[in-house]
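I have a structure I would like to understand better, so I am pasting it below and will then ask my questions one at a time.
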Amino acid sequence: MWVIYTLNGLYFAALLFLTSLGLNIILGVMGILNLAHGSLYAIGAFMAAWTIIQVATKAPASFLFLSLLSGLVLAGVVGFLMEKSLIRAMYKRTLEYQLLLTFGALLLLEDVIKMIWGGQAYYASAPFDLLGAVDVFGNVYPIYFLFVMCITFLAGLFIWFFMGRTKLGIMLRAISLDREMATGLGLDIGRLSTFAFVLGSGLAGLAGALVVPTTPALLGIGMEPLILAFIVVVVGGLGSLKGALVGALLVGFTRSFGIAIFPEIELPLLFLIAGIILVVKPQGLFGR
Amino acid sequence: MIKNQRWIAYAVIFVILLFVPRLLSIHDLMLFEYGLTFAIVGLGFNLLLGYTGLLSFGHGAYFAAGAYTVGMIAKYLPGAYSLEILIPAALFFSLILSIIFGFLCVRHTKIFFSILTLSLSMLLFALLFKLYHLTGGSDGLRVPLPTLLGISFKGIRRPEFLSGTYYYFLLVLFAVSCVIMRGIVSSPFGKALQAIRDNEVRAELIGIRVRRYRLYAFILSGMFVGLGGALWSFVNGHVTADLSHWVFSGEIVYMTLLGGFGIFEGPIIGAILFTYLKLYAMGNTQYWMFVIGATLIVLVLLLPNGVAGAIAVLLAKLKRKKALEGTTC
Amino acid sequence: MGATAVSVGALGGGTKAIGQAKRPIPATPIKIAAVSFLTGAAAAPFGIPGDNTFKMCTDVINKEGGILGRKIELASKDEAGGVDAQVKLARKLILEDKVDVDLGYISSASCLAVLPLADESGGLIVAYDCGTHELMEGPKSPFEVPKFKLGFKSSAHLGIDNIGLALFIKKYYPNIKKVAGINQDYAWGRDSWLIFETAMKKLMPNVQVVKTLWPPLGNTDFTAHISALMGAEPDIVHSSLWGGDAVTFTKQALGMGFFKKIRMAYSRGEPYPQEVGKDYPEEQIICCAGTHYFLFTPPDKASATLQKWFVAEYRKRYGKYPSYPCYHAYQALYAYKNAVEKAAKAAGGWPTIDEIAKAMTGLTFPSPSGPITIREDHSAIEDVLVGFSKMTPKYPFPILDPKRMEIFPAAQVNAPVGMRTVDWINSWK
Amino acid sequence: MLTVDNLKKHFGFVRAVDNVNLEIREGEIVSIIGTNGAGKTTLVNLISGYLKPDSGRILFFDKDITYASPYVRIKLGVGRSFQLIQLFGNSTVLDNVRTALFSKYGMIRRGLLPADRYSSVTEEAIKILDNFNMSDKKELTPTGLSEGDLKILDIAIAFALKSKLLLLDEPTSGVATSDKFKVMDSIVSAIRKEGVSTLIIEHDMDIVSGYSDRVIVMHEGKIMAEGKPDEIMENKEVKAVVFGIVS
């Protein structure tokens, strides 16, 4: 069973990593903690579920994975609109306004989702069923979970390469390091921030789209991932890719093994770890 | 003399408040009592945000501390279940909690402070949520009617209790809280906090132990919020772990901003407005989150100083007008 | 008494005319609030069917001329938003909207929080679906009944499901060694497991409990729980999972080959085969929260005809077979209707809610799944039906295998009035 | 009262302060001048405790404060103003000074009575503002003040702490040239009245010459000349290096 526990931990960590990645980029580049990140995740989930339900009957099975794209794109678009209309006005404002604005956006989006998709649960397990299961050391394990890990791995790889090797990525890093200096270098902060926000939102949407074949798309589906992603970022360190990875693995395994071994205190344990790390190392494990 | 005017205004308002139970329907009166309890919360919260410059996103924790003190005593020490014991107890436990959390948090400022307060409140949430057999988990605990100075309210319906004795009890505590908080913010201690808010470096340089004073502010703030939580629990009749969830803390910040944290009276106004806004939104549309979310966004974008701030500006304008007219004729 | 009755009238919105011999029947419609999950995971399998039934029955009653000539004005409310929101909503319904009765609540958490408001605010509240036995039981037996003067429960509590399961398992699997449990982390889950475990200890003393898991309500990822259960290798896993959680769990468990190794025993699993469809595993033990099953024909004539009409009518309107929340909704609404009519006879006019409450106590009336009796403890008792899921050519989803349906009579699965269920089980010989 | 000997502070290869020795006597006003990057500000930061030296000693009334925290030095009586003004932006001018006094008297623990009730403190605050002829602006907030007034207020706060030694870092930087002398007048007159010994940092000789008992010239972290203002004015080396006048 330990193999399966480990795989579960990895699977859970993978989803978290993807979610926290977006949160992290936005926080790093724009210094804004986006409390509405969970709602973007939810939008991705609903969009994907809807797509799957549409496709499942009409198009060949392989098209089911359009859902990932659709979720990513819609969340990205919403992110774009959000940045242009709201976040844009917040750069010069103080912390309380930034946080409250995204808090307002969170409340707003939750109901927008309700308006668009209604209050019903969307069951879209077609891709999950489609991929079936493999035998892992005598245990049945769904291929879809492995698929999620692969996607996440690729996404992580892409972000790592993008941030480290491409001009655009390096510019973003420059901003996250020192806004003033970056402005001094003549970087177009506005455009770059928009881009960062869209990227982050898209990643949240992708995470939502990935999870939806395993669980129905529901109102408030983004709340728990937000909090956990939040812990991941805090534990890993603001704006640190490596941190997000380690943090996600930490949370993922705490959960998987926690439930297997001491189910009663798995959740408090998580926050306890986060609390301790924050107290000892306020900037997080890999924070600057 | 301007100060005297203010105190006169306070006195008048207090007298008016004495008659509120006669004016409002029982349901509206209950909303108003929710508002009053949150007003106390707002006062406490604003000592930290408005006067010390620290944004806590986890003040639900101290609210929960106060509320759960009541719930727990009701469950485990029914013998001690009387207001004159419950209120001090609530103050005591919120004191303890805010000392522990505060000590950890005041070492940081800005976003770090907010994140740390949030995480710690979520830790409390997780405990309240998970320790089912102790705290009732997500079901929470019921809060029966307490006794007051030996008077039992058995057989009396909660609405009657709330529109009678309890309203005046609540009102008095509210008035006392206002007076005390007013004293704190205008005292030398308060000035020191404002100095820290305005310029940490210089505050250190005029000999203020910044971190220590932040902690003092944090603790006081926590106790006021705890008191609010305890008083709230009797109005609500039920406490749940959600009180310590960050979203609830978010609502505390919301109501403070709604009123305006630049002004002493801001949070009070904000708390009462928010209570009506939320409950009426909930009562009248299934999209209530949309309503309060949109309101919040508009507020942040257009009314950064909150309602009280806007009013203050208007008053100032009027004064100037008057002055001008005075000169012209 | 008189005084309270007046204030009840004032607060509850009933007529104020106390003491007159002949009382007029108001021309105004009866305001009834129906609170169920209209959004969220529990909406599809619970809230919507329940609410549909409220609408359907209201419609039928109004067509027949209403209750004593008063038409019913039904207001459907959403149970989502947590306990605290429900407390506030119930207050508003009773004190401001002044509804004549508040029928509702699927979640035990809502019930535990809301029912006390009945006496507190002086409004009639009938819990229609929630299961916890604690709702109507006192701290220690014998306890005085009723617990709430104006609070009722028109369906039997979870005791019947879990005792039923235990009896069923004893009958079909007398020599299993290990059981485990996965139940939601609040009153409903905790109490279901408590009763099941107590009953098992009594019926099959040498069965050992190898694992108990407590996922939160509305959990979206059960993989960790599923493998934890598989790791513990029990023969049967008891579960009171309901709503979206039950569906999600089943789907994820299917994917992880759970049912190849372990058999589930769902204390209220009846709606899910229809929800999940043909993928739903066979040979699972499923309880119906009573005898609420569309293929079940109650022995007595009146109920049998009702059942035939009910299933047909519901199918006609909503294209699905009624699941147990539908039956519960029917019971709540007709409990009120019958109580009012009974009280009116006695009072000679429209009754006060105190009189309605009095009439509802000890009331017996026919329902699609058999006659329902509401006892002095203001809680209904019912027989309980347990069976195995089985795929048949006739339906697009597994049904309960007709050959292996077990029905345990009310007396066998309900504790006597004034006795705590746990104490009663422990007193078994 | 203040003795600095062999003080050294290097940033990498930059010798910001290099074996500096200096002595300030009671009631004396000394100015340190020098080009930007001559190490003036570093020196002040070392004395006020913002930086810790690599080596050397700082004595204040024969007490070694080389490594004492800023907080301790303030309690001992080393006050400073900043080149970039440090004020309590949202408090009134009066409160800016008054808070400093409360802190000085250890009264900031008093949490219940309004500050105005402590009339003696308020009066003292107003007296200080009078010395700097600012009392008419006491109800304004810093946002409503001119650059010069801000400078003065900044110093008034340091002054309120009853410092025995004041370190003024470019007291007139950012002030319009026309006002520079007016500002210096009000500052120095206040200082003279109380007889507080003062160390003024300035890169413009003309501004300080009129007000200083003694002028010290710093260059590349070293003291290159020291003496009465007029002597320094005549010093060829100084002219060449600091004022860039070659004759």
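In this document, chain identifiers A, B, C and D correspond to the written order of the chains, with residue numbering beginning at 1 in each.
In this text, a residue touches a chain if its C-beta (ideal position, glycine included) is under 8 Å from a C-beta of that chain, and two chains touch if they have at least 3 such contacts.
Because the structure is a prediction, the values reported are computed rather than measured.
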Intersection of the contact lists for subunit A and subunit D: B
Most distant chain from subunit D by Cα centroid: C
Whole-Å gap between the CA centroids of subunit C and subunit D: 79
Mean-CA-position distance for subunit B and subunit A (Å): 33
Distance between the centres, which are taken as Cα means, of subunit C and subunit A, whole angstrom: 38
Geometric centre distance via CA averages, subunit D-subunit B, whole Å: 44
Residues of subunit D whose C-beta touches two or more other chains: none
Residues of subunit C touching at least two other chains: 39, 78, 214, 216
Subunit B, residues touching no fewer than two other chains: 129-130, 286
Every chain pair meeting the contact rule: A-B, A-C, B-C, B-D
Of all residues in subunit A, those that touch subunit C in their complex: 1, 4-5, 8, 11-12, 114, 118-121, 123, 125, 128-129, 133, 139-142, 144-145, 211, 214-216, 218-221, 224, 255-256, 259-260, 263-264, 267
Subunit B - residues contacting subunit A, complex: 49, 55, 57, 104, 107-108, 110-112, 114-116, 118-120, 122-123, 125-127, 129-130, 246, 250, 253-254, 257, 261, 286-290, 292-297, 299-301, 304
Subunit D contact footprint on subunit B (complex, rising order): 180, 183-184, 186-192, 194-195, 197-199, 201-209, 213
Contacting residues of subunit D [partner subunit B, same complex]: 70-71, 74-75, 80, 86-91, 95, 98-100, 102-104, 107-116, 118, 157, 160-161
List of subunit A residues in touch with subunit B within their complex: 31, 33, 35, 86, 89, 93, 95-97, 99-101, 103-112, 114-115, 227, 230-231, 234, 264-265, 267-268, 270-272, 274-275, 278-279, 282-283
